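The following blocks contain the structures, represented as C-alpha cells.
In what comes next, chain A is part of two complexes: it sits with chain B in the first one and with chain C in the second one.
Moving on, here comes the complex of A and B:
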C-alpha cells in the first residue's frame, strides 16, 4: 500500500509538471511575443515592459522561466498578474465561492444521486425506474450551459430565484447554480447506482443472505448497498475533483465570483499569469482527488490489491 | 403435534417414533417467463428424519436446486411460483406460515450451503462478519461473544488458525477453505437441517473428498439432518442414507443407498449408474444417457423419460407410470419397476456387448 502511494505520488508529480509545462508554454512561448501575450491589448510603456521582463524572467530561456514560475508556485508565492494584482489574493477571494458551490452541488449529487439510483435499481422496470431513466437521459443529453442559461433566463424573468450571485453571500443564492453545476453528475450517478444495485441484486451472495433469514431491508441496505457503492463512490470522487474546477460555465452564467469565473475573465483579457496559475492549481486539486479516490477504492473493495 | 421447544433433545425421540423433521408433499413449482410456463417441479414428495442424510440426485436442470429453494423459501418469485403441495417442518406447513415466522426458521433451523462459495459469500465483508451476522442480529449476541463462537465454528470445520482468519475476506481463502467457511456459517445457529446444494461441484477432486468427509463427520457429531444435492452419483455413496433420484421435476426413484446401487428400480437410475466412471472397466466406453433432459415447458406425455429410455414400450408414451411401492421404503415411477428391480427385465441393448 505505502509503495503504491509513493508510486502514485511520483506519477502525480510527473503529470503535474507535464500539464503545467504545457499550459505555460501555450500561454507564453507559443505566441510570438510573450510580452504582448502578457499585456493583452494594452499599450505598454518601456518601463512596464522592462518590469514585466524582469518579473517573468523573459530574458532567460523558456525552461528557466518555467522553473522560476514553478518555484514561486510551490513556495505559494503566486506572483502578480498583468495588472499588478496579487494572484494569491485573487485566488484566496475566489476559492471559497467555488468551494461552497462545488460542495453544495456535491451534497446534492451524493444524496439525490444515490437515493434515486438505489430506489430505481430495487424497482427495476417499474414506473419510478422508467421515469428516472428518461429524466436522466434528458439531463445527460442537454449541455450544461443550455440548462444553465434557460434556468437563469426563467429565474430572472419571473423573479423566481437570484440569478446574479455577486454581492449575495447567502448559501440560498447558490442553490440553483449548484443544481445546474451538479445536474450532469447527478444524472450519471443515478444511472450508475441503479445499474450497480440491479446487478448486485442478482448476485449469488444475495441468495445466501436470503437463505440466512435476514430481513429484506438488511439485505438491500447492507449487503447489496455496500457492494453497489464501490463504483458509485469512485465516480463521485473524480466528480468532486471536476466540480471544483469545472464550474467555469455555471459561475459565468450566474456571476459567481469563483475560480471558474476568474479563469474565464483571465482568458478573455489574456491575463497569462492568472490563467497559468489557476490551471496549475486546478490540476493539483484534480490529481489529489484522483489519488484519494484510488486509495479509497482499495479501502472499499478488499479484493483490490495494490502492487 | 405441537412445536418442539428443544429440537435437539427431541430429535432422537422423533427418529424413533418416525415423526419426520421435514415432509415435502406433492410439491409443484412453475416458472412463468416470456417463453411460457416451465413446469419445473411436478409433484415432489419426500421425508427427512432427524439426523438422516438424503441425497437428491439428478442431471442438471432436473429441479434439485428449485426444490431446495422452495424448502428454504427463497424461490425467485416471480418468475417462480409454488402452485401446489405442502412443506411441513415439525408437522407445520411452512408454505402457510407468515413471512416473519418463516424467516425465523430460514437460516436458523434449516440452513443452506451453496455450490460456489466464492460468489455465495459477500466479497466485501470479512468471513468473521459473515459467520457472526445472524448471531449478532438474530441471537442478539455481543460482537465479542459472536466472534468467539465463530472461532469455535471455524475450528469445527477445521480451518487452521481460525482466530487469525476472522478478519480475512473470502477471496483470501482457497476454494476448499471457502466452502468450509460457508459450512461454518450454516452451522452458526445449530440448525436441525442443512441443505447442501452441490457443495463440492466447484472444487478439485481431492478437496471434494475432504469436504464430503467433513460433512459426514459433522452430521455424525452434531446429529444434523442433511439434504445433499448432487448430480454426481460417485460422491454420495459413503455419506447418504437414502437417495432420491430426480427427473423432470419428479422423484422417479427413492431407495436406501445399498439397494439403489445393487438393484436400481428405474431405467433412469440405471443410466446414471452406468455413467459413473469405474476403475475396473478402464478402457470401456462410458455409457451416457442418450438425448437431453426434456424442455420443461413441454414435458413428454406418459412417462417423461420415455424419449430417452431403452426400456420404453407403447404404454410409456400414453400412460403416466404409477408411483410403485416396492417394499422396504423403495419406490419407483416406472411401469416395469417391479420387473426391473428383480433383474427380470434387463436393458434391451445390453446383450450386444
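Moving on, here comes the complex of A and C:
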C-alpha cells in the first residue's frame, strides 16, 4: 500500500509541475507588456520601468521566471494582478463562495444521484428506469449555461427564487445555482450507478444471498450497494475537483462572487496574472482530489494496488 | 479434396461469417435511435454547408424597427434585440458549431491515432513518455485550459478554438487507441503477418489500425457533441469564436441581457444547440451498442 501511495504522489508531483509549466508558458507566450498593463494610462519614467522589471524578474529567462512563480505559489504568495491588487486577497475572499457552492452541488449529486441510480437499476426496463434514462440524456446534452440561463430566467420572471446571489448571504440563495452546477454530474452519476447496480444484481453472490433467504432490501442495500459504489465513488471524487473549476459559468449566471466569477472578470479585463493564478489553483485542487480518490480506491479495492 | 471443393467451402464459410463491422452495420440499420440521430446530423451538416437552402433572409441585415418581434410567418422564431431574424441566425450559426466540432475532433483523432499506435505498438520508453504527457494534459480541465489559451489569442476565426480543444482533448482517445492496439497486437493474424515478413508499418497500417479503431470512433462521436457544447460555452463567456462569425453561443450570450422580457432569442438557439449535442451523443451510443458483442 505504501509503495502504491508513493508512486501516485510522485506521479502527481510530476503532473503538477507539468501542468503549471504548461499554463504558465501559455500565458507567458501570449501576454503583451505587463508593465504597460500595470501602469495603465500614466506614462512611466525609464527608472520606474527598470525598477518594476527588476521587481517582477521580467529580465530573466522563462524558466527562471517560472521558478520565481512556483516559489511564490508554494509559499502562498500569489503576487499582484495588473491593477495592483493582491491576488491572494482576491482568492481568499472568493474561495468560501465557490467552496460552499461546490459542496452543496456535491451533496446534491451524491444523494440524488446514487438514490435515483439505485432505484432505476433495481427496476431495469420499468417506467421509472426509462424516464430516468431519457431525462439524464437530455440533461447531458443541454450545456450547463443553457440550463442555468433558463432557470435564472424562470426564477426572475415569476419571482420563485433569488437569481442574484451577491448581497444575499444565506445558503438558501445558493440552492438553485448548486442544482445547475451539479446537473451534469448528477445525470452521469445516475447512469453510472444504474449500470453498476444492474451488473451487480446478476452476480453470483446475489444469487447466493437470495438462496440463503435474505430479504430483497438487505441484498440491494448491503451486498449490491457496497460493490456497485466503487466506480461511482471514483467518478464523484474527480467530480468535486471539476465542480469547482466548472463553477465559472454558474457563478457568472447567478452573480456568485466566487473563484469562477473572479476568473470571468479577469478574462474580460484581460488580467493575465489573475487568470493564470486562479487556473493553477484550480488545477492543484483537481490534482489533489484525484490523488485522494486514487488512494481511497486502492484502500477499497485491493486489486488496484498490485497493478 | 479437390481444389475447386476447397474454394467452394471457403466461399461458403465466407458467406456465413461476417466481419465485426458488417455485423455492427446490420444492428445499426435496425436501430431507430441511429436513424433519428443520423437524419438530424445530416440536416445540420446540410444547413452548415448550404445555409441558403434553409433561409433566404440575410442574418446580418437587421432593422432596429423590428426589435424583439414575436414568432410570425415572416420571422419563424421572431427577431432579436437588434431586429435580426433569429431563424436565419440559427441557420448561419450552425456552420461555426459544426466546423469547430468536426475540425477539433479530426485534430484529436490524428493525435490520438499517432500517439496511441506508437505507445501501444512499440511500448517501452515511448509508451512511458506518452503516458506521462497524457497525465499532465489530463490534469488541466478542458474548460479552464481553453480559457487560458483563448484569452491570449485574438484571431477572428474558428481556428483558435479548434487548436485549444485539440491540444487539450486528445488524452482519452489516445488511451483508448493504445489499449485497443495492445489487444490487437496479440492476435494470431498479426503474428501470421509478421511471419510472412510484413514490416512494422504494414502491420500497423493494414492489420492493427482497421481492427483497433471501433472503440475510438465511438468516443470521438460523443466527443464531437461535447466539443460543440464547449465551443458554445466559450462563446457564451466571450472568448470562443471571435469577430463577426455568427455562433449559437454568442447569440445566446447576447440575448441573456434581455432575458426577463423576451424568451425567444435565448430559447431557440439553445434548443438547436441542445439538439445537435444530443444527436451526436445518441449516434455515439447507437454505434457503441452495435459494436459491443456483449450486448448481442
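In the analysis below, the second predicted complex is superposed on the first by the 278 of 307 C-alpha atoms of A that agree within 3 Å, B and C clash if a C-alpha of one lies under 4 Å from a C-alpha of the other, contacts with A are read in each partner's own complex, and residues count from 1 in each chain.
Methods note: a contact is a pair of C-beta atoms (placed from the backbone, for glycine too) under 8 Å apart; a residue touches a chain by one contact, two chains touch by 3 or more.
As the structure is a computational prediction, the values presented were derived from the model and not from experiment.
**Student:** Fit or clash for chain B plus chain C once both are placed on chain A?
**Tutor:** Here chain B and chain C can both sit on chain A without a clash.
**Student:** Per the contact definition in the header, classify A:223: touching chain B only (first), chain C only (second), both, or neither.
**Tutor:** In the superposition, A:223 contacts chain B only.
**Student:** May I ask you to decide whether A:186 touches chain B, chain C, both, or neither, giving the answer as first, second, both or neither?
**Tutor:** The answer is neither, since A:186 touches no partner chain.
**Student:** In the overlay, work out which of chain B or chain C sits against more residues of chain A.
**Tutor:** C
**Student:** Looking at A:15 after the superposition, I want to know if it touches chain B, chain C, both of them or none. Which is it: first, second, both, neither?
**Tutor:** Once the two structures are laid over each other on A, A:15 reaches chain C alone.
**Student:** Applying the document's definition of touch, where does A:203 land relative to chain B and chain C: first, second, both, or neither?
**Tutor:** first
**Student:** After the superposition on A, what does A:27 contact: first (chain B), second (chain C), both or neither?
**Tutor:** Once the two structures are laid over each other on A, A:27 reaches chain C alone.
**Student:** Put down the vertex angle at chain A formed with chain B and chain C, C-alpha centres only, nearest 10°.
**Tutor:** Once the structures are overlaid on A, chain A sees chain B and chain C at 80 degrees.
**Student:** For A:281, select first, second, both or neither according to whether it touches chain B, chain C, the two together, or no partner.
**Tutor:** So A:281 meets neither chain B nor chain C here.
**Student:** State whether A:212 touches chain B only (first), chain C only (second), both chains, or neither.
**Tutor:** It touches chain B, and chain C stays clear.
**Student:** Kindly classify A:149 by the partners it touches after superposition: chain B alone (first), chain C alone (second), both, or neither?
**Tutor:** second
**Student:** Once superposed, minimum distance in angstrom between C-alpha atoms of chain B and those of chain C?
**Tutor:** 15
**Student:** Looking at chain A, which of its residues have contacts with both chain B and chain C?
**Tutor:** On chain A, no residue contacts both chain B in one structure and chain C in the other.
**Student:** Help me check something: in the complex, which residues belonging to chain A touch chain C?
**Tutor:** Per the touch definition, chain A meets chain C at residues 11, 14-16, 18-19, 22-23, 26-27, 29-31, 137-138, 140-146, 149-150, 152-153, 156-157, 241-242, 245-246, 248-249, 252-253, 263-264, 267-268, 270, 272, 275-276, 279, 282-283, 286-287, 290.
**Student:** Can you list the chain C residues touching chain A in their complex?
**Tutor:** Its residues touching chain A are 132-133, 135-141, 143-145, 147-149, 151-153, 225, 229, 232-233, 236-239, 252, 256, 259-260, 263, 266-267, 270, 273-275, 277-278, 281-282.
**Student:** If we count contacts the way the header does, which residues on chain B are in touch with chain A in the complex?
**Tutor:** Residues of chain B touching chain A: 72, 74, 103-108, 111-112, 114, 116, 119-125, 133-134, 137-138, 169, 171, 185.
**Student:** What residues on chain A touch chain B, complex-wise?
**Tutor:** Listed in rising order, the residues of chain A that touch chain B are 203-205, 207-215, 218, 223, 226-227, 230, 300-303.
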